[in-house]
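The block underneath contains the structure these notes are about, expressed in structure tokens.
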Amino acid sequence: MIALLVRDIRLAMRAGGGFGLGLAFFLIAVVLVPFGVGPEGGLLGTIAPGILWIAALLACLLSLDRIFTLDYEDGSLDLLATSPLPMEGVVAMKALAHWLTTGLPLTIAAPVLGLLLNLPESAYYWLVVTFLLGTPALSFIGTFGAALTVGVKRGGLLLSLLVLPLYIPSLTFGAEALRRGAEGMANTVPLLMLAGITLGTIALLPFVAAQAIRINLR
Amino acid sequence: MIALLVRDIRLAMRAGGGFGLGLAFFLIAVVLVPFGVGPEGGLLGTIAPGILWIAALLACLLSLDRIFTLDYEDGSLDLLATSPLPMEGVVAMKALAHWLTTGLPLTIAAPVLGLLLNLPESAYYWLVVTFLLGTPALSFIGTFGAALTVGVKRGGLLLSLLVLPLYIPSLTFGAEALRRGAEGMANTVPLLMLAGITLGTIALLPFVAAQAIRINLR
Amino acid sequence: MSIWEYANPKKFMETTARLMPWLVALTAVTLIPGLVWGYFFSPEAENFGTSVKIIYLHVPSAFIAINAWIMMLVASLIWLVRRHHVSVLAAKAAAPIGLTMTLIALITGAIWGQPMWGTWWAWDPRLTSFLVLFIFYLGYMALWEAIENPDTAADLTSILCIVGSVFALLSRYATLFWPQGLHQDASLSLDKAEHVADVYHRPLVLSIIGFVLLFITLVLYRTRTEVRARRLKALQARERMA
Amino acid sequence: MELEVADLACARGGVLVLEGVNFRLEAGEALMLRGPNGIGKTTLLRTLAGLQPPLAGRIGMADEALAYGAHADGLKSTLTALENLRFWARVHGTGEGEIGRALEEFNLADLAGRPAHSLSAGQKRRLGLARLLLTGRAIWALDEPTVSLDAESVRLFARAVERHLAGGGMALMATHIDLGLAARALDLTPFRADPDRAGKAGAGGADGAGAGRVRVPHDPFAGAEDLA
Amino acid sequence: MELEVADLACARGGVLVLEGVNFRLEAGEALMLRGPNGIGKTTLLRTLAGLQPPLAGRIGMADEALAYGAHADGLKSTLTALENLRFWARVHGTGEGEIGRALEEFNLADLAGRPAHSLSAGQKRRLGLARLLLTGRAIWALDEPTVSLDAESVRLFARAVERHLAGGGMALMATHIDLGLAARALDLTPFRADPDRAGKAGAGGADGAGAGRVRVPHDPFAGAEDLA
């Protein structure tokens, strides 16, 4: 099981630096905003919490189809399915590897990008907290989506379509908790919801995703 | 050459509706914004032109790696390279097919989504005009990026990293022309620049991209 | 003797081996005095405060950040036209240095911006174009990393460098349409040296020269490493076939 | 240790492909699956490997006894040959020592440090086969294992199989070429497969049909000829 | 119509793989490329197809005379067999009539309406080979064309090749099995390949070495032993 985790992280780092790339996309998506919306600092500061969350979500999204499709195409997934590892464990490890190579770097980089978007100073603490609580859910939900679409050739877009609606609760609570925190308002409820979603997805989705993979391999 | 165009469009429509999916992503990305930023109409209306352009750009981006990678992996690209079609023509047809299945539907759908984001009424005309003038450049630039990364396994993220900065001029001029047009200001210069970039990329990039593909097939 | 002789790796390695100590020494005697002079012995400006001293890092690094990309552009063109391996390896070697310089310019600018403009960052055209340059460096390096075959990677990164330069120029122009602009340009411009009091100007010029020498030294050093790596690869390949 | 397949029926893409498959494999035995393209060899092997459920019938074997070798080799192209094998060894809990032996046995020692994408077709295949030695499993179920192999490598492979059989293993292979192994053959024919019948070709369908009746589940859409 | 290869040297992944390849093929002739895994058969065929530039030497043939058949078949899995063939026919400007003949010749008529992803390995391969008939090109350069084919399909293929040769075509094939075709063989050995030398094995290196000197461009990184 650990072998799989190590392998996936190694593959992510080797394949053209998959590691840094999620991060790079996050950076670029954030940078695009002023180009589109215009450079006024006040406006940017207002929308910054939402934009940061949306950008993180899209950065996650883009790296999802690596999770299973590569293994499916080169036959590894068939071999893993017939190996002693339980498919649930395989799924959980893949989700964890995805979070370690995407969610975690995003969390670390987010404050710097907050700077670029004129995020109010009071928000930085909450930015990191909400990302830490929320991004694991993005990885686990994404892994579930990837499991559903594993048989579909170049299913990247279909995957986005399936996963984005599932991301909406995390996004809403995450951005809301961040915004309230930044304005000094009470944000315990959205924070608890955010953490609850994350815990729920970690506990339950690997089982569903494993079943989806088994069905797709048939 | 037409055969290739027809085939690519047919593949796009058949492969899990690649056609509708670019559109669907556009829709979802735009819908996410109120969830992230909060629902105040005034704020949304202000950022709407930029958001629409950014969302269109990301929707384009997501479908780029289909352009060549599928053909590369199943060996078609090798066979096309040894066929009587000139590689420049192949590239141009692929870019055109991409625009027809992505840029054009986005242009048609954009006004509806403008409604969701409280886009001011004066902006709808300019929304369609800037999209029509700008989205072909997105397809041709994207095809160039796809040609550069065709040999890279799951190069999707790398592709984004390479292509997004190249999208910045189109994005800036497009959003600026749209914003100015909506406010009734003169927007001839950004419009001309937008059109100029599109014409330039259509005229030049297929040659560069064809060269990149030849290098990658070596 | 033509300058292209140095495109031969052997010749290049021999020449640079002799050059390196001198370059290191020259860099040391310009950069260190430049920075020390600037930091300890130049007066504080009345309305800038101590923070003005960051100029001796900020301006040279910004200068190198841009010129490193231009150097890469030229080297890429030489590779595409004349297929000189050392040239493209020099471009590859310059990228991380350019990236670092861009980062230094961005960070020192941000540190300076906080007291001057009351904000770490603003979407001023000049600052923005630096951010875009940063991304171009990242993409260029990522493409090198992603492609296994060195000649393929050399060709593709060179193409990217050229096409990227055009789009970088375009986006620089595009940002001029934005309504605002905070960044000083005329007040302390190098081209308009008369705007700057000599007390600032002389150490500044010295540290810029120091940075240029530092850049050349680092690029040569890294190019030598790249040449060695390529040679190692060629030898390994030959051993494998035997 | 044995593998017993009784009255097996398999489907592919929702279409019934094989039914009435019967055979028995004891320790040390090998069975060659034969039959023209499209008859269902891959389908049968995937069913035995547990990747798809059988439509009907029984597969009798110990848990986790079967190692599946597919058309695709499951190699990671950015990892080296050694790293690829090491991963599978760790997944199957096999010791490091075995890896060296597997590399040796398939003449891969020189290529151990090469990333998999730089291997030729036959070299990749050898690497895929070397993985089998690391599974530590008794039944090898292989789908066209010799594709792309040159004559020398085919011999290497045949020797590896013989050694595996000699050690009490079993092998089940779909292949179109002759490996020179002492093995029974299972001829698959449309909708029916039975090694006992392979000998008495043309014996008519009456003999086994009663005994080997297949319990194919009723397809809810197949019977209703008169749907309005 | 002829194909002449003189002193060819090819590289793969920046590494010199073959040099001194010499042969000549006249209309109606076939040549089998033989050699162990990893010797460079795929590399040679890709070079001839123009997918990679030769390091040195000369390839003499008419423009657009060569049809390349790779390891991969270039099939679109969501298109049907017929749609796949029709696409290639239009690319090569071949008439609709030919498509039916190609389907017939490879026994694919029944599968014409099936999407390619639902074909078995051998059926896919047959479809890939049928494409060759639609290129209308004289020289077939094929990389292991018989992979996954059963005995019957191999015969079909051999017959198709014979017909192609009889019509004045040429064929160049890398394969590890015997097709039963009357064809010369080109044995590739590390760094050297020459059909004339294939007969006099062990004749030492002295004979052709002078005449066939290869002009491989100097690798600027290989020579400098004394890099400072």
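The letters A, B, C, D and E name the chains in turn, as written, and every chain counts its residues from 1.
Just so it is clear, contacts are C-beta pairs under 8 Å (C-beta built on N, C-alpha and C of every residue); 3 or more make two chains touch, one makes a residue touch a chain.
This one's a predicted model, so the numbers in the text were calculated from it and none came from an experiment.
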item: Distance in touch steps, counted as few as possible, from chain D out to chain E; value: 1
item: Farthest-lying chain, centroid of Cα atoms versus that of chain D; value: C
item: Chain pair with the greatest number of C-beta contact pairs; value: A-B
item: For chain C paired with chain D, centre-to-centre distance based on mean C-alpha positions, whole Å; value: 58
item: Chain centre separation in whole Å, for chain D relative to chain A (CA means); value: 38
item: Computed distance of Cα centres, chain D from chain B, in Å; value: 46
item: Chain centre separation (chain B, chain C; CA means) in Å; value: 32
item: Shared interface positions of chain B, touching two or more other chains; value: 15, 73, 152-153, 155, 158, 161, 164-165, 168, 172, 176, 218
item: Contacts with 2+ other chains: residues of chain D; value: 71, 77-78, 118
item: Contacts with 2+ other chains: residues of chain C; value: 132, 135, 138-139, 142, 146, 148-149, 171, 174-175, 240
item: In the complex with chain D, residue positions of chain A that touch it; value: 2-4, 7, 10-11, 14-15, 71, 73-76, 78-85, 217-218
item: Chain E contact footprint on chain C (complex, rising order); value: 8-10, 13-14, 17, 85, 148-151, 227-228, 230-231, 233-235, 237-238, 240-241
item: Chain D residues within the chain A interface of the complex; value: 46, 49-53, 64, 66-68, 70-79, 83, 87-88, 90-93, 131, 135
item: Residue numbers on chain B that touch chain A, as the complex places them; value: 15-18, 21-22, 24-25, 28-29, 32-33, 35-38, 43, 46-47, 49-51, 53-54, 57-58, 62-63, 65-66, 69-70, 73, 152-158, 160-161, 164-165, 167-168, 171-172, 175-176, 179
item: Residue numbers on chain C that touch chain D, as the complex places them; value: 148, 240
